[in-house]
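You will see chain A twice below: alongside chain B first, and alongside chain C after that.
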Partner chain A sequence: MATKKNNDRLTRPDPAASSPAAKTAAAKPAAATQVATGAEAGKPSAKQPAAGPANPADSGQAALSPLHELRRLARRRRDRKDRLLYGLMVFATIVIFAVLAWILVYIVANGIGHLSFDFVFSRAENSILPMLVTTMYLVLVSLAVALPIGITTALYLNEYSKNTRGVRLLRLAIETLAGIPSILYGLFGLLFFSRIMGFGQSIIAGALTLSIMILPVIIRTTEESLKTIPLAFREGSLALGTTKWQTIRKVVLPSALPGIVTASILAIGRVVGEAAPVLLTVGIAKNLPKSIFQSGRTLTIHLYYLTKEAIHAEDFHIAFATATILVIFVIIVNASTRLIASRFTKNMEH
Partner chain B sequence: MSNNEGKFTVRNLDLYYSDFHALKGINIDIADKEVLSLIGPSGCGKSTFIRVLNRMNDLIEGCTITGTVLLDGEDIYKAKDASELRSRVGMVFQKPNPFPMSIWENIAYGPKMAGLRDRKKLNELVESSLHKAAIWDEVKDRLKKSALSLSGGQQQRLCIARAIAMEPEVILMDEPTSALDPIATKKIEELVETLKNDYSIVIVTHSMNQAARISDKTAFFLLGEILEFGPTARIFQNPERKETSDYITGRFG
Partner chain C sequence: MKNTRLATDTFFRYLIRFVSLFSVLALAAMLLFVFVQGAEPFLTPTSDSIRLVAQNIPAITVNGTEYVNHSTFIPVDLDSTELRLEFVNRGQPLVIPVQINNEVEKVEDRLSFPAEYAGATTYPEAYTWMLKLPGTIVGLEQSVTILFPEPPYNFFSFLGGQAWRPTHLKLYGILTMIVATIISTFGAVLIGVPLALLAAVLIGEFMPRRLAAIVRSGIDLLAGIPSVVYGFFGLMIIVPLVQRMFDAPSGSSLISAIFILSVMVLPTIVAITITSLQAVPRSWREASLAVGASKMQTAWRVVFPAARSGILAGIILGVSRAIGETMAVILVAGNSPQFPTAFTDSVRTLTATIALEMGYAQGRHSQMLFSVGIVLFIMILILNTIVLRLKKHLTKGL
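And then the complex of A and B:
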């Protein structure tokens, strides 16, 4: 059959020819072949057809057999679909990027006029230094509490636990924690940490409250990244006579680090952006906190009050300036998280 | 039966994955400083058996083992912790699995975890292991580079070097060349030739030529049993069982 095909190459194929290719073509409406051939005439073999199992002898030649015409048509349809999808993706990306950029530009453009060294770092009356410090404390303390607990829990769930009833219950609890509205954490924190534990309205009370709130995010993100570490690494390590903990410490955890960084960044985002529980547990004190056992006002809460109480255009500019600082703060904290993590990886390698 | 020269002595070994009977009544002696190859069709239990010898199956939930496996006369399943055993019985896996660390770190990892801290000794050990695995010349200038930048064949020799660095007594290899090209395969086979002066080697292979070339003894597995076991030359030239000769000549499997 291959030889027959070779001969066909010189002439237009006969649609009634008894090759499997021709049969397929004949089964389809003849018009399809017609159109394809017509289009072909105007555009001489731009692409080489892929070698098909049906007629390998034709590969590398401008296709003229009906099967090739069909394939070409299908490919063109597919290409069109591909291009359409690709276009949609580009469009979506541009939209998201544009919206983000617009928000940022809008905030910064409105706030920049009011930004000054004094506004951020001085002890002057309307400086936002106290809010910056409060926010920083809150982030650090909640991460310091939640990260070790979250990572340990994720390790336990993924590396040690068997699928027992207790473990399933624990997972359910974590899922549930993730779905609770944050104001409920605030109420719990106010009652438990502020009242019962006697922390009052303070950064520590808020940080403990928020650390419970961000636990599910940390556990789940860490666990996801633990799951992606190939069994081959663990087996390779254990086969060298290392203990399970050594394997986890030296092979599993370093590979999971990118996931843990992601978890931290997500958690930081929630801590910085949270309002309701912070309002209840940390309070609104405007002065510079001397320790984490004092009340304070985070940037987000401050921003809320600034906007709520703004009357003059000037007030809005102050709010926007604060928002600008908030954005910069988040960027800096995220960047340093990544930096610390990459240092960490390098240390582990030596 | 005297097993004085035997490294491993396996008696009446049965292994179940939950209720699937994967190994049935295995009896075999693995001699010191010899290459034993395990052949047999896919799914007959070769990997399962090799993983019995360093207790890798401990990791699998629902895997139960009965019978005895002795290493130098001692039951390897007595100890609670398998890490001592695993540092004496090294393993090379089917797919090269270097750690995402530098070449140097890959080799030094095992000894370091075993407590060797002396930098100078570690350096010597890394160098000698890479020499023994016939890869030193290719990597000596890039020891600090990631092991993942090596080719598949180089990675596999690195993994062999990693196993050698633990100064084991036995090296288990589960289809170590199945992911490699002929040249890399040849290198590994030559390596096995020289390694057998110092170690006992158990190698699983699907290549009859490879088994015939490099091993002293051959065991033919079928459906979880050892159907035939003996000197490689005899198994290949004069198999006792029809199934063995059918498998060797490629009539099934």
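And then the complex of A and C:
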């Protein structure tokens, strides 16, 4: 059907009529051939050589013009489809960012007014100081465990390992760990660290659980940064007669430092934002923890309980303020990793 | 000097190799411990004997053995056909013979008390009988609780059972939760994937580099927001909205969970799609443009199909994120273990069950939560395997 229309238009002699004709033709087949749009771009061009000699009587100008018109028609139809798709894509992106903005603005706008120095740092009844301290303990202990192990594993994978079966198994294990939902880490931590090792519900049990959870993040990020260090750095060092370990300690690790810092920040972000495994292993005790062997309540768990049990308006105010602190923290984490990443790539280029 | 240097080098080589094993060990330990704990309810009964608890009875004789001031369980052989309880009630010595018939189908009828005590006996929980007699003063009632061991639970009534009544009826059917998890994940993917793919192609193929970097940091921010904050937002905004829109009794529902999850899977899918689009060689785009395809056709008909295995991997990772999400879902889904018949029904997912009940679960109930964890584990491991296959395919294909 489309080809018949095209032929009709090809035999039309009047070049002056080309512009309105193109308009009507563009409007009509658009409805008729919408299903076949995929073939549209190819078909007319295949028809051209046959159509050309069919009208030898036409003047040179007239012969060129329908061809020209045809191409323009095809292009216009394609352009319209492209524009539609482009509009859809822009729409999708705007929707995503609208949701992001909605969440951020709603929480920060409602919470920022309730933030005060007393709310965060005093020992008043509603202050979140105990939660901050618990969260900080959790971050410090889990990083202290996971960072050395993670960096060492990344060093092994990038500097020492060959593609053996054992290394493939190691990579498989890391990939699998990265995909396991956090609640399952919570189950394991509750069983192993709290019950079998006897830590009970305490910060240390939670920190050990979370340290396994953040291990894949640290390994991946550190390995990425190790990969960007030019081979020449290592060769230069080895050529001076150093051992491999000396090269790693004096050349590789210092160059990978920004990557390691990024890994730590990402890991901190995950520990602070995590809730499910913390609920199972650290517990919900609201008082200021005296040591890491006591139970505590992190910011996220505090927000969870406030949200579930809020009755008074005051509870909602505290919930909003806590959520605001979490959101601000996430923004700081994101900004700082980006900053370090851009600095790092600049340094490497020099 | 040289020797110590070499020795240090060798030492660190082995140390690094040794420490690297930790990830494998951790994964193996996780699988082992969770599986062993979760498999137990299906293999062993809850105890090897019938257990009695006597309250406010200083001395009780059970089947001829006397227990004085006994504060823990009194074990009775499982094969006994009679429980002969002798104790003093308000100054009168009592002898209560309780018949046990293990052949009876209905558990409640397995114990038969003498007719004169029928009014004093109750069956408060499955596998539990209670004999209550008035004491010397009000409030000091004497009671004997008889606990039968629960037999190994049938695995198929676990997976296919529709009733989750862990405390009283001791029924552990998780089918409703599996269905709720699958429906909410599917719904989230249905909404999230088109949005994520459209946005990812725009960011990866059309945006100038500088703008793309800014937009991507926004996407990263979306990924970084803690799930509790999503849940909080959902409870404050989405739940009331759903309630008003559908005129439902409560807005905590399947549709709220789907909405929150669809936002939460976005960043994963977008980020991985962009990465796999960028992995398609530049020459493919140039070839496509050179034969006259538009930029849009190049993006959707050449680059997108070439990156499809990576994109699929991203979608599956999004699915596993939705399956594993806990706190946000708890806050918005309502948490009733029932089959959803409408989008506004309250549902409970597998993860929600674990997080909600682990705090107070005892004995078999607690072990059953680990069994729920195993189901979750298996789902995730299957998805992970598919992702790894796809990634291998991707690296081979290009």
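Brief remarks on what is shown
One rule holds for everything that comes next: the second predicted complex is superposed on the first by the 216 of 350 C-alpha atoms of A that agree within 3 Å, B and C clash if a C-alpha of one lies under 4 Å from a C-alpha of the other, contacts with A are read in each partner's own complex, and residues count from 1 in each chain.
One rule holds for everything that comes next: a residue touches a chain if its C-beta (ideal position, glycine included) is under 8 Å from a C-beta of that chain, and two chains touch if they have at least 3 such contacts.
All values reported here derive from a predicted model rather than from experimental measurement.
In the superposition on chain A, A:343 makes contact with neither chain B nor chain C.
Touch criterion met: A:172 reaches chain C, while chain B stays clear of it. Once chain A of one complex is fitted onto chain A of the other, the partner contacts of A:243 extend to both chain B and chain C. Judged by the touch definition given at the top, the superposed model places A:77 against neither chain B nor chain C. Of the two partner chains, neither chain B nor chain C is touched by A:123. Within the superposed three-chain model, A:326 lies in touch with chain C and out of touch with chain B [touch as defined at top]. After overlaying the two complexes on the shared chain, residue contacts for A:157 are found with chain C alone; chain B is out of touch.
Taking chain A as the reference, the larger set of touched residues comes from C, when chain B and chain C are compared. Chain A residues in contact with chain B (one complex) as well as with chain C (other complex) are 243, 246. The part of chain B that touches chain A in the complex is made up of residues 54, 56, 59, 61, 81, 83-88, 90-91, 93, 95, 97-102, 105, 109-110, 113-114, 159, 162-163, 166. By the touch rule above, chain C contacts chain A in their complex via residues 5-6, 8-9, 12-13, 15-17, 19-24, 26-30, 33-34, 37, 194-196, 198-199, 201-203, 206, 215, 217-222, 224-233, 235-237, 263, 266, 270, 292-297, 300, 317, 320-321, 323-327, 330-331, 351, 354-355, 358-359, 369-370, 373, 376-377, 380-381, 383-384, 387-388.
In the complex of the two chains, the chain A residues touching chain B come out as 162, 230, 232-233, 235-243, 246, 250-251, 254-255, 349-350.
Listing the residues of chain A that touch chain C in their complex gives 41, 78-79, 81-82, 85-86, 88-93, 95-97, 99-100, 102-104, 106-107, 148-149, 152-153, 155-157, 160, 169-170, 172-177, 179-188, 190-192, 196, 212, 215-216, 219, 243-246, 248, 269, 272-276, 279-280, 300-301, 303-304, 307-308, 319, 323, 326-327, 330-331, 333-334, 338.
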